[in-house]
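Chain lettering (A, B, C, D and E) follows the sequence in which the chains are written, and residue indices restart at 1 in each chain.
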Amino acid sequence: MNTTIEETLTSLESRFELKDIKQQRGDLVFVTVKKEQLISLLTHMRDNENFTHFVMLSVVDWIEDGVFQLSYILNNPEKHVDIVFRCMIERENASMESAHHLWKQVATYQRELYEMYGIDFPGSPRVHESFILEGWDDIPPMRREFDTKKYSEDTYFPRPGRESKDPKEHMKNKLYPDADK
Amino acid sequence: MSIIAKLLWVLLGLFIILNWGLLMGALIRKIVARVGKRVGIRWYQPWLSLPMLYSTRSSISHGVMYYLGPVFRLSGGVGIFLFMPLIVGSPYFDNFSFAGDVVVILYFQFFGMLGMALGAGEGGHPYSTIGISRGLAQFTTVEVPLTLAVISLAIQYDTLSIKEIAAAQQGGITNWTLFTNPLATAAALLSMLGIFRHAPFNLVQAPNEIPIGPPTEYHGTYLGVLRTNGAILHVIEAVLFMNLFFGGAGNWIELIIKTFFIYFFTVFIGVVFPRFRIEQSVVWFLKVPLVLGILAILFMAI
Amino acid sequence: MESQNNNNNNQEKFRDPNLDKRTVISPDGQQIEVDPLQDYFEQARPQVHKPASKVIEKFLNWARAESLWVLGFGTGCGSIEIPPLTTPRFDAYRFGVAMRPTPRQSSVFIISGYLSVKTLKRAIRSYEQMQNPKYVIGLGSCTINGGMYWDSYNTINRLDYYMPVDNYVAGCMPRPEAILAAFESLKKRIKEGRADGANKYAEHFDWYKANQKKVIKDWNMPDYNW
Amino acid sequence: MEIFQLEYITLITGGLLVLTGLWGIISQKNLIRMVIGFSLFDTGLHVIMISIGYIRNGTAPILDKAVDKVNAAGQIVDPLPQALVLTAIVIGLGVTALMLAYVVRLHKEKGSLNITNFKDLKW
Amino acid sequence: MVTPIFIIATGLGLAFALGFIPKKHINLTGILSFLGLAFMTFISGQWLFSYLGNNELSQFIFTAGARPPFAIALKMGQAEAMITLLINVVGLLSAVFLYDKLKQIGRNAFIIYLVLIMALNVIVMTRDLFNLFVFLEITSIATAGLMLLDSNLKTLSAGFKYLLATSLIAGVFLIGTIFIYSFGGSLFIDDLTAIGMAPLKAVSVAVFLLMISIILELKPFPANGWGLDVYQTANPGISSVISGGTATAMLFALYKIMPLSTMQSYDILIWVGLITFLGSNLMGLKQSDARRLLGYSSIGQIGLMISIIGMKPYIQFDIQIILLAILITHLMAKAGFFWLTGIVGNTDISKWGMIRKHPEMLFLMGTFVFALIGFPPFPSFFGKWQLIMELSSSGHFLWIGLILLGSLIEAVYLFRWLGYAIKKETATQSSIDIRPHKTLPTIIFAVFLYGVGYLASFWFPMGGSINWLPLAFIAILFALDFLPAWIKNIISIAGLSYYAYQIIPEQEGLYLIFAFIFLIGGILTLIPGFTNKGKRIGFYPVAMMMFVGMGMLIEAQSMLEFFFGWELMTAGSYFLIIRGHRSMPHALSYMLFSLGGAYLIFAAFGIAFAGSGNFLMSGLSTMGGLGGIAYTLLAIGFMTKTASLGLHIWLPGAHAEAESDVSPMVSAILLKAGVLGLIITFMAMGGPNNEYTTLPYVLGWLGAITALVGNLAAAFQEDAKRLLAYSSIGQLGYILFALAMMTHLGWLTGIGYSLSHFAYKAILFMGIGAVVLRLKTHNMFEMGGMIKKMPFTFIAVLMGIITLAGIPPLIGFAGKWLFYNAIIEKGWYFQGTIIFFAGIIAFLYCFRILYAVFLGQLKDEHRNVKEAPIWYLIPQYLLLLSIMIFSAKPEWIFQPLGSMLAPIFPQGQLVWNEGGTAFSDIGYWNGSWVMYIIGIMFVMIFAWLFIQNRKPKKVKQFNIVYAGEKPERPETTHMAYNMYSGYNKALGFITANGITTFWNWISEHVTAMGDSLRKIYSGNGQTYVFHIILFVIIVYLFSNGGF
């Protein structure tokens, strides 16, 4: 493991509760942290550990577990290493503390997450304004319980006669029609 | 010559100039296309576009001035045509040049510009205004070397009459102003680049940045009128330079050949160079062309 | 028309603050109310324009067909296939095709690929700002039946529900040659006098509007963008 | 020894008094002292005046037997300067009195007699 | 005849007698005092009357029945009678003003006051040196006594300093007296003069001491700190007596003893006086206390008069009359002004805005300010006029320069003050004290000033030829100011029409053109005034003042009349300009530049008088050897009005901030007065082949550069009216250039341009003025879309712009065509190129103002704006009609113009053929044909478009292609702010504010100089005494040729 990451994790472990440390690459590691500790952890990372660059914020919808997994990717621009902090939050009335005060650009990610997943970030600037979608009046479209096909069929006048094929099967049948035999 | 006959001759001249202007435009574009290894437009394409524009079924109007803008513009072009003698010594094709000399033509250019600017202004589109403000700004300095060149010519020939200037250049290529007063010719040709507004001086229209500038709101019939004017104006401006610097034209063939090459010169420069920003082009005309103009006057006055 | 317009506008969530009625003080101290939608936008419906008499119309159609001015508006990924048209390899100019930067001066609108709802709004505006006669070419499968975005939550499936389409070009993506072919086909249509999309749009205006408003929830413009 | 003649002595004394007075006015900060300076200045003037009117060996300007009426002008001391001095003394007195009155009022207003404290007005 | 001894008797006797009246009968005391003062006034008045009636010899009164030296001699001549009358009038009126104050203090106050006035009378009358000393002392005792009555610390300390200084000065006087006596054997001034003992060195010292002490009494710079304190702190009534009465008496005393001294002493007076005049005014620049400021002004004026006394040997004309004219003005205006400070109460000049609530008081203040500066019709105008003329003919140009410079500096602070009073917003709500006994004396003096001004005009050569009728008309208008505006407008138009009817038929040649511009233009620009509701207090008299002044320029046969008209016009236009919103600083700079210019003209007139020996305007062409300088001065002077580069900084603000219907007056018409002046100058220089070739050449370049900078700056303005104002600068640059060419074509261009500039600038300012009136903003980016709301205004403005830009077929093109021909003919190619460059730059602002105001996006707030008032449209369309007529038939205007110019410039005329084609040597142009061809063609093309496009759908302002979006707000869609930013990047450096910076630098440094100068007034009485002693020594050393 990269020495910088090791040192950082070591120093973090004494302060924060880290779980599931998973090394993805030599310079990339995933860490799961508790929701309550996340913002102070990020602050610490930025101010003390030299992880000054916020790369991105993304989310995974674990509908089966009833959680959203938020991933904050931080970069140390001097040592060229990344640490991804994951954090699980409840899907119902999903809400998370805003980190826009640490990096301005976080607000933009948070707007997107609110619009696409309905995760609220109270206090984040313009978080409730529409971001990409104009005039969206259904549940946030990227949540997995949203049935996009049904919505499309209801809304966008599907042209009849269209058939869908599984690409793999289709190409296999087309190119190697005898393979199964 | 009766006034009716005069009018008929004028209309004939206008018809020839218009068609030559359309053809010249097409030819030039074709040449440019060939330079870029394209085939280019068909030579008769302009004759197709005009009916297409004039025949749009619907149109809108932003107001009276908007409506009159193209009228002003075409009047400007045709007006310059009317005051311009076309063929040296021909009583049939000297149009109404008895009404005024080169000064009238120089200032009548503004008639169309101002009218068009106002029309586009009433369109209310900010891009139109940006285009106009650039166009006017560029035009201020474009005119300076031209003015110097014209003054130099007036000293040289002791007249401001285009007819007389053209007549004075007859009798051999060495009598052309091009050879008798090369500095003034050079200054005028450089400022001509600005008048025809090809690159590097085409920021006015800047198609991708401020959708073609002033006429951005004009369409259909209006645009047809503007295109008609464009065809006439390009030729007639070239005729102006031909009369002043290239010995005028003894007949239509000469006129066609000379105007073609004069216009082609600006296009040639335009193909070669990229576009100037407005402050660059404004200042550019105050550098080399201005010095050439001053030298031209000094050369003639001393 | 009015009522439909209002139905959508009533939704507080999608209110456009620039279209709110506002009260301003005029220079002489009077209070005046400004309704932007009424005061700043023309509200009239489009008109059906009858073609000219047969012979003349035939000539005019020929002229229109031979000088197609295309609006430079790339809606989707297909727009990357348009620029090659002006290169030496394809050189659409020789067919009388030219690119124009503003819808006012264009006669052909190429919907180049998928249309998200958001882009649809802009496309409708641009289409309506073009003058009669005007022609639409739908480029790529997406405009025909949604293509690979057929089940997307924000991509329309059938372009012809929102504006009259003269030609579809199938493929994902069709190559520039296909577009040239589409131009030829469009020319044929125009010359035959069948390309009358603008009048069709005016005739079936209500239907088109209803379809458009069904997908564009925050309808913040007049019904017809002059 | 012309210089030790009476009129010169008075003249020089007067001049010294005037200068002393001026020095007093300019250099003393105390209002009272300035008034005294002025008084000296004034007195000096008066002395000068007297000295001007003096004619050596002249008698008092009284037209009696001792003075020949015809040649009176040569014999008597010029009476006019004396008359003038009287007037001047009176006026000088008036001015001094008024100055003192001012000093009293100024002291009452500000409780100070230092001239440098009365600089409220300037420029 | 009551013998003047009764003046003394009344004064003294009453003073004693009052002491016996019990204190409770204070009213009786007062009445008796007034009666006494009135009787004293009566005595001097009666003497004056008798002298005026028949030229009697002066009367000597010998007290005690004996001749000097045994008794005191008094003299009551014409001069004494005049001066005592003035003193007594001031005394009487001041007593009225002071009545409640005197009464409050008690009978002692009345006694001292009576003694003071009496003493002043004696100072004037006495011919005895010692007596003079005595009454000098009495005056200072009385003054100090009066101040002592006011027990206020500041007053007391000022009084003490005063007493100290004056006693010392009196001491110096006494020494001088004694020595004079000792050498001359007499105290009787006339005897002493007769002896003629000046050559004696010792005597000259004695006389010097006499003179210097009187000068010191007159508070010369810098030994005058004590005097200023008194002015500042004394009751304004007392100050007015000191400034008016005491100073007058002292001046007379100085005048009286001057015959004793040598010629050299006159030079001392001149220099001491001039330095005082200059220094005192300089120090006044930074002063903010009203009374102290008046003190500075007072000292300055007295310094001027000291120097005039000193100029006696150099002046042919009767110096007494000059002195009297200036003295009366100073006395009345300054006394009145001091009373006014008592009425207003607040001594901070920046708080004087409170006076506005009482327009009549403001009127008084204006009267006093203008009288002090020496504007017509006040007597000092004539006095200064004659003084300058005389000095010039004796060749003392340095003195002229100093006098004019000092006057200009004085004008700076007085007009700043006036500006505060007229315009500055004040927070204080306190009202001013307008009890009748306070205002009455002030009003009387103001009225006197006008009356004496009228009388004074007859004292001087050519003064009688001034046409006073129009001035009477203005006075009537002032009197009728309570009427509603529309009635006054009708009266004004009627009056002006009558004046025009009187003047115009008599004129010929170029004067006819300018008479037309001034008077017909005046009538046209008055028409918009009908839109004004209410009374419009003060507008019509001042507007008429300006137009009458311009009429006088036309009428003037003599330089005096011309200058009279010029100053009248300046005064009127100043008031017109300052009426505008936010125009206080601009009006000030306008006034200062105008005055500076006027003084240069003044000086040039002086040179002309010296050269030709008469006052006729024709004298301008015989300048003598100084022609080059004189014409330069004239040109610069007139160029302050035409706002040529360097002198233009007043114009944009003044024109832009003026009221909507005033802007056309001051722009289209007033500027032409400068053009007329330039034409007069150039004509005087002697036509085309004159010897002064450098001046026109320089002016030509200046005109060209002015045109360039003016037009360029106009293109960068955001304020519509400022844009037009800068455009005026540019256009006037053209005119200057054209006139400077000094050829037939050049003048044809210049005068044609003047006419067309008059027409189109009037149209433009009225049109834009109407827009401003409706929209209540000047900023173009806040306007837009007005074409839909004000179409008629738009058409007028459009035509005006086309004319301005010189686009065929309208008449403006004639100017451009003539320019080309004239320039090539003259050979001024490079200047010409700059002119054409400027002409093209004009398109930038032409388009900008049309677009930003009338086109583009209409704003929310302007959706219900109405068309301009009909009264604005009428004159615009009348002018438009004339433009159209002359555009179609340019020969109708240019042919007569050409024949007018033919006598002056016979060479290179235009030739007109029957078809209306003009031929110059090199070019030709047929305005009518151009008009017809363009007109017919335009109609045909319009028809073609109309056939093709019969029914366009009318759309609204947001129906534009906006890249698939819609515009959000009209404000963000109106592309008007910083419209030529690219151009500004390229060429904006030309308009960098170098010139404004230069003038600011000058004004800052002059003010700073004044500010540091006045630091010598430390407030310490001893320092002041020291100053006095030092002053005596230094002046003595200088007068004896150094150390």
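Heads up, the rule we're going with is that a contact is a pair of C-beta atoms (placed from the backbone, for glycine too) under 8 Å apart; a residue touches a chain by one contact, two chains touch by 3 or more.
The shown structure was predicted, so the numbers you read here are calculated from the model rather than taken from an experiment.
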- chain E and chain C - chains in contact with each: B
- Going only between touching chains, how few steps reach chain D from chain A? 3
- Chain at maximum distance from chain D, centres defined as averaged CA atoms: C
- Item | Farthest chain (mean CA position) relative to chain E | A
- Query: Where are there more C-beta contacts: B-E or B-C?
  - Reply: B-E
- Item | Chain whose averaged C-alpha position falls nearest the assembly-wide average | E
- Query: In angstrom, rounded to a whole number, how far apart do the mean CA points of chain A and chain E lie?
  - Reply: 79
- Message: I'd like the Å distance between the centres of chain C and chain D, where a centre is the mean of that chain's Cα atoms.
- Response: 112
- Message: Could you work out how far the Cα centre of chain B sits from that of chain C, in whole Å?
- Response: 36
- Report, in whole Å, the distance between the mean C-alpha point of chain D and the mean C-alpha point of chain E. 50
- Contacts with 2+ other chains: residues of chain B: 58-60, 211, 216-217, 220
- Task: Mark out which residues of chain E touch at least two other chains, giving numbers and ranges.
- Result: 953-955, 957-959, 961
- Query: Of all residues in chain A, which are in touch with two or more distinct other chains?
  - Reply: none
- Pairs of chains in contact (touch as defined earlier), listed by label: A-C, B-C, B-E, C-E, D-E
- chain E partner, complex, touching residues on chain B are 54, 58-65, 67-68, 70-72, 74-75, 78-79, 82-83, 96, 98-104, 107-108, 110-111, 113-114, 117-118, 121-127, 129-130, 132-134, 136-137, 139-141, 143-144, 147-148, 151, 154-155, 158-161, 211, 216-217, 220-222, 224-225, 277-280, 282-283, 293-294, 297, 301
- Note on the structure: The answer for chain B against chain C in the complex is residues 33, 36-42, 45, 48-49, 51-52, 55-60, 207-208, 211-212, 216-220, 223
- Item | chain C residues touching chain A - in the complex, by the definition given at the top | 11, 13-14, 117-118, 121, 144-146, 150-158, 161, 211, 214-219
- Residue positions on chain C within touch of chain B in the complex are 46-47, 49, 51-52, 59-60, 62-64, 66-67, 69, 72, 87-88, 91, 93-94, 96, 98, 100-102, 104-105, 107, 131-133, 198, 226
- Task: In the complex, go through chain E and note every residue touching chain C.
- Result: 774-777, 860-865, 953-959, 961, 964-970
